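You will see subunit A twice below: alongside subunit B first, and alongside subunit C after that.
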Partner chain A sequence: MFYRRAGIRFTRYRDERQIWPLPLDRRLMLLVLLLALAAPYLLDRLYLVGYLLPWLIWATAALGLNLLMGTAGQVHLGYGAVIGMGAYGSVHLVRAGAPLELAMLAGGLISAAVGIVFGAAALRVKGLYLAMATLAMQYIVDFVISHVPFISGGSQATITVPPVRFLGIPIVGDAAVYYMALGVCIVVTLFMLNVRRTAFGRALAAVREKDYAAEVIGVDTFRFKLLAFWVSSFIGGVVGSVLAVCYLRSISPDQFHIELSIQLVAMVIVGGMGSVLGSFFGAALILFAPIVLNNLIGFMADSMDMQISTDLRAHVPLMLYGGLIVGFLLWEPLGLAKIYNNMRNYFLVWPFRHAQR
Partner chain B sequence: MQIDRRNMLAGMGAAALASQVPVRVAFGQDKTIRFLLTQDFTRVYTFVTAEYSQGQRDYISLINERGGIGGHKIVAEVSDHGNDLPRAIESYERAKAQGMVLVDPLSTPVARALVTRVLADKVNMITAFSGRSDAADGSVFPYIFPLSPNYWTQMGLLIDYFRQTDGNLKGKKICFVHIDTPFGKEPLPILEALRDKLGYELQTFPYTPPGNDQSAIWPQVRRARPDWVVFWGAGVGQTVALTEAIRNGIRMDRMSSSVWLSESDMDVVGREQAKGVLKIDPCVLGREAKPIQAILDTVVKPGKGAGPENKVGTVYYSYGVMITALILEGVRKAFEIAPNGPISGPWLNAGLHAIKDFTADGMIPATTITTADHQGGGKGRISRWDGGKFTPITDWYSANQDVVWAEVKKYSSEFAKTGK
Partner chain C sequence: MRDQNAKQNDAMRSDGRILECRGIERSFGGLKALKSVDIHVDRGEIFGLVGPNGSGKTTMVNVVTGFYPPNAGSVQLFGQDITGMKPNRVARMGVARTFQNLALFRGMSVLDNILLGRHVHMKPGALPSLFYWLWGAREEIAHRRAAEDIIDFMQLQDIRDEPVEVIPMGLQKRVELARALVAEPRFLILDEPMAGMNQEEKEYIARFILDARDERNVSILLIEHHMDVVTAICDRIVVLSYGEIIAQGEPKAAIADPQVITAYLGERAAARVLQANGGAP
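Up next, the complex of A and B:
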């Protein structure tokens, strides 16, 4: 009834392979895009700056990590460091006078160049062992950033992002910052939606399923494993530069520690490995569940005049948050994207359930 | 098709409505002054925040019990940001929409991220014992108030105390054991500048964060045969450092830390064993101070205290009272300057800048905040752990401010340059 699949048939392979074959999906995406574009005019500043902006940035980062973890099947516990390198690289370049567009790409290249070195570990080790290797990268990068005064910015260890322009538009105020983050997010999202339809994406999928089987059918695993790290780290570096310019505005080493890496891995897993939509859902849950729960408990405590100690009030949201993550993973181990997919499948043929294939 | 369009329109309408959920709850009409005390109760600072926040809230309750200031009640919103930037920024934006005029994040990472925001939004931010040390330069950071001796000043105070005690530091050896993070390395420029001036020998020993294993460091410190040891860390690193120092036979009365040492740490180390260790006091500790007495009478006795009674007057509790007393003195001054408000960030800012020789009934050294100096003079005193409490062994003093301010100016001018 909603999706109206009747009468939709394709006469060319190209048509059938499009990203959203059903008109409703296309319209839904158009609606989301329009709402995203109109958000600065529709939303209160609190929701724009406090929710939408970090959501876009973290979701873009999760997409980059998802390429590696979901599409190529390589674990990465040092993605926070990848983002950090991009952030530091691009901010230093901007401070040296480079235009932001170039600095952003350069930040991506720096991350990619270092990321591929540690990615080389993936040629020898898999699974937990690869996790350890990437964890080592996290700590080495952290160490280098905080121990080279030239990078960290001296004893204050904070470097401020100077006022910048992106494509000729000054990145000041809320709207310009938001649109810049949105632009990068859209580009990365489109890339991720399309990558699985390319030879590159199929090669990554083959490597993910079994690397020596992929080798047997003629996929150069050496090349594609390194490429996966290269592309994913490049995206991470670009996100780092967006994060620094649009959100943090002054960067210090502690912003890119293991906590950020774990947060991103959690987003990918909770959202759904390999799912584009899942990256957005996962980012939303991991970022906002603590905030919403905290506000909820605070509101309840205030309005119902409950006498609970500040300690308890601070910790109850964290307990609920932990429970929420475990709950979601128990309910649907394939992630939030799968829950959406189940609902979509249900409505696809609603109300004629017997027609479901 | 029709249904699709209808759905879309309905969806659009719902989204537009949902976006307008009022965040601007009642303010303006009621006579309140809103503070945001979003701090880290759960991640890194934990019990430090709990005690600090208890002091803050008790002092605010005291002033509200006395009728507030200028007929206005102080409303403090306490929440947990867990040292996480998205959470902190969300609560900052939410409170700002509700008319908050002052924020105290008590967290260096959060303060750093908020610096550019509060400067643009003209909201006052307190960065006591945290944040950027160069924020002491009020000419560059007009809305950021450390209101307390920064880490450079604390190190300057310590070295001067060593000089007072030994007469001359030439040829003496000072060992600096610190956590290997930007926070731990921060005093290094001051130590080096003063070494060149006073001629002592300096050895530094970094330990890896969070510092729960320092067993490799302290034998080296012992072998260096230091005249003075300064240990610089936070949380678990402090107690482990003390334990290891005791194990290695370092003399406690030649050993000092920053302001971050409290009774709770001593309970972990052993109250008797740690006897003699030194720390810096930015204010009077214990229950004797007049504001604490007033809190005990007016707030805690009637059962309105914000936390356990035995924490009243502890080190971090006192810090909370000290900072809140300074903030509320700023509010008082703001009412003197502009009795009819309107209550806003700039309004409070003028008041904070007018704080002059304020002592909080003798609880803190006479503090004056000017547009140039947001540190408030950088006065402190050294106290010694006697097994039961920290007893002051010097009077309030200020030292080596020339070296400190050279460093402050170096970084603040750097910030001013990139800010343009």
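Up next, the complex of A and C:
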């Protein structure tokens, strides 16, 4: 319990640059990983497919967006469209007979290619103007997907995903679907954790903090902004194919509208800009807060015999949810990750508060 | 002393020039910030650029580093024409600079800030990050050694893990100098490295500048308002006023020039000073 930081001395730079330098964190992560691997055997089907699976997928998407928004500091209001392009691209390829592994990468490449074209145009402006430019991308992609029959399969059409195999394993049944999503999530998470400790992440952070100072130490700011757009869009495209194959099973244009983009931006902000853990927290809050609040209001209405009209009952959770986001922006702009960090730092040295840093 | 200077001058002449700016003009709207300025920096030299506020010193540096392409004139670096080159390309040629108002990256540790200085020597990308254990780690650690060298040189050992925004101003300036030096530049531009420092901190920085020149073979362009430092460490200075060179040469002689005194103090005060000293300040 005590002295979790004491006695830890590194004699090699490599050890000091570990992802989790404290043994406590490593053990915690191992536990989380084991739980995640055992989840299909521990959890009820409803919780596995209804909660854990979407959480993993949305958290992966939030990680991709966080690379752009949190690490590189570029706003993107069209990430839903990026995911949509990946989903449509990979599903069409799978339907044409391509193996899923290739279709996934191709979905990522399609998203990245289109994303970088918009990015190249959008990155000539900053801040609010960049937000507008990416919003325009969202609408253009939406329009193209739903109005080109070749992509959407006609108006109001949905495209179902045929049975697929991933790395030789047929993706049927809850466990297989879950493990595939988990695998992609782990790869993206490790990538994001590594970005922070390599020159790539430092260069992106430099671009975010002070672009003129980044230039003067030799960082080609435009190139790195584009690179951030490229990598982030690639992750978005891969997540799109995972979303289509593992969760949605059949895709239609309205699943990738602006609502999805706003949701993802909210996840990144509430979770914590630039924080890997925050993406998971943010995704959980944004996905489940409405459900929890809904149940809470319902429970209160039933058990306390309150006269709440069905109309109000439907809207109160939404209002609380909006209030939650405003509250975060006001009181903890660094998000849930920061709250977790504060608590962790407190308990790391408890009860010796003076040792905190 | 004179012998040493003469020897140094010979070395400079034979080694050629680091920087050669000819007829630099730059205006912002109607304001002519630089009016046909010629400066040059020789190898191994500490060259001072001084002048009252708003005289165009920082603009000159921004022209050299590529932030403001000149309206007229040419900039030659290491004998190569770099007029209008983008700042990151100029940095890659071996130029590092510090800023008048600190330009450290907040939210990162001192160590990460210094490691960022190694950017020009690294090959950052998404794939080395993805395959860190196979690909990125070795590069990171190799450059970590270079960063630790500079941390030792600049005596920043005990703050290397602190976030840059919490350390005092004087140390932040030192970190910024470390970030510039870790890039192993051949030419270093320091824009008021001692602004807002006390005497002791100033002496520290002055020592670091001299050591950097002697041990790391960098030529230095220094913008500074503290005349005691300028006269003590600069080999040669140029005084700017309203975008024009009003004096240049050996530091003590140049700042004693009546025109320089007038530029700093105004005409009446300057007349009084000159009179009090019998025309020879």
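In this section, the second predicted complex is superposed on the first by the 345 of 357 C-alpha atoms of A that agree within 3 Å, B and C clash if a C-alpha of one lies under 4 Å from a C-alpha of the other, contacts with A are read in each partner's own complex, and residues count from 1 in each chain.
Throughout what follows, a contact is a pair of C-beta atoms (placed from the backbone, for glycine too) under 8 Å apart; a residue touches a chain by one contact, two chains touch by 3 or more.
Being a predicted model, the structure only gives us computed values, none of them experimental.
Undergrad: Under the superposition described at the top, does placing subunit B and subunit C together on subunit A give a clash or a fit?
TA: They fit side by side.
Undergrad: When both complexes are superposed, which of subunit B and subunit C contacts more residues belonging to subunit A?
TA: B
Undergrad: After lining up the shared chain so the two structures overlap, which partner does A:E101 touch, if you call subunit B first and subunit C second: first, second, both or neither?
TA: neither
Undergrad: Contact-wise, after the overlay, does A:L248 reach subunit B, subunit C, both or neither (first, second, both, neither)?
TA: A:L248 sits against subunit B, while subunit C stays out of touch.
Undergrad: A:D15 contacts which: subunit B (first), subunit C (second), both, neither?
TA: A:D15 contacts neither subunit B nor subunit C.
Undergrad: What is the contact status of A:N294 with respect to subunit B (first) and subunit C (second): first, second, both, or neither?
TA: first
Undergrad: Thinking of the overlay built on chain A, is A:Q156 touched by subunit B (first), by subunit C (second), by both, or by neither?
TA: After superposition on chain A, A:Q156 lies in contact with subunit B alone.
Undergrad: Using the touch definition from the top, say if A:P54 reaches subunit B (first), subunit C (second), both or neither.
TA: first
Undergrad: Compute the least Cα distance separating subunit B from subunit C in the superposition and give it as a whole number of Å.
TA: Least C-alpha distance after superposition: 27 Å.
Undergrad: On subunit A, what residues does subunit B touch that subunit C touches as well?
TA: none
Undergrad: Which residues, counting only subunit C, touch subunit A once they are in their complex?
TA: Counting only subunit C, the residues touching subunit A are 65-67, 86-88, 91-92, 96-97, 99, 103-108, 112, 115-120, 122-126, 128-130, 132, 136-137, 139-141, 143-145, 179-180, 183.
Undergrad: Can you list the subunit A residues touching subunit B in their complex?
TA: For subunit A paired with subunit B, touching residues are 1-2, 24, 27, 31, 35, 42-47, 49-51, 54, 58, 95, 146, 152, 154-163, 247-250, 252-255, 259, 287, 290-291, 294-295, 298, 309-311, 313-315, 317-318.
Undergrad: Along subunit B, where are the residues that touch subunit A in the complex?
TA: 3-4, 7-8, 11-12, 15-16, 19-21, 23, 41-42, 50, 53-54, 78-80, 82, 84-87, 89-91, 93-94, 96-97, 108-109, 112-113, 115-117, 132-134, 180-182, 185-186, 188-189, 306-307, 407, 411, 415, 418-420
Undergrad: Enumerate the contact residues on subunit A facing subunit C in the complex.
TA: 13-14, 17, 190-191, 194-195, 197-203, 205-206, 209-210, 212-213, 215-221, 227, 230-231
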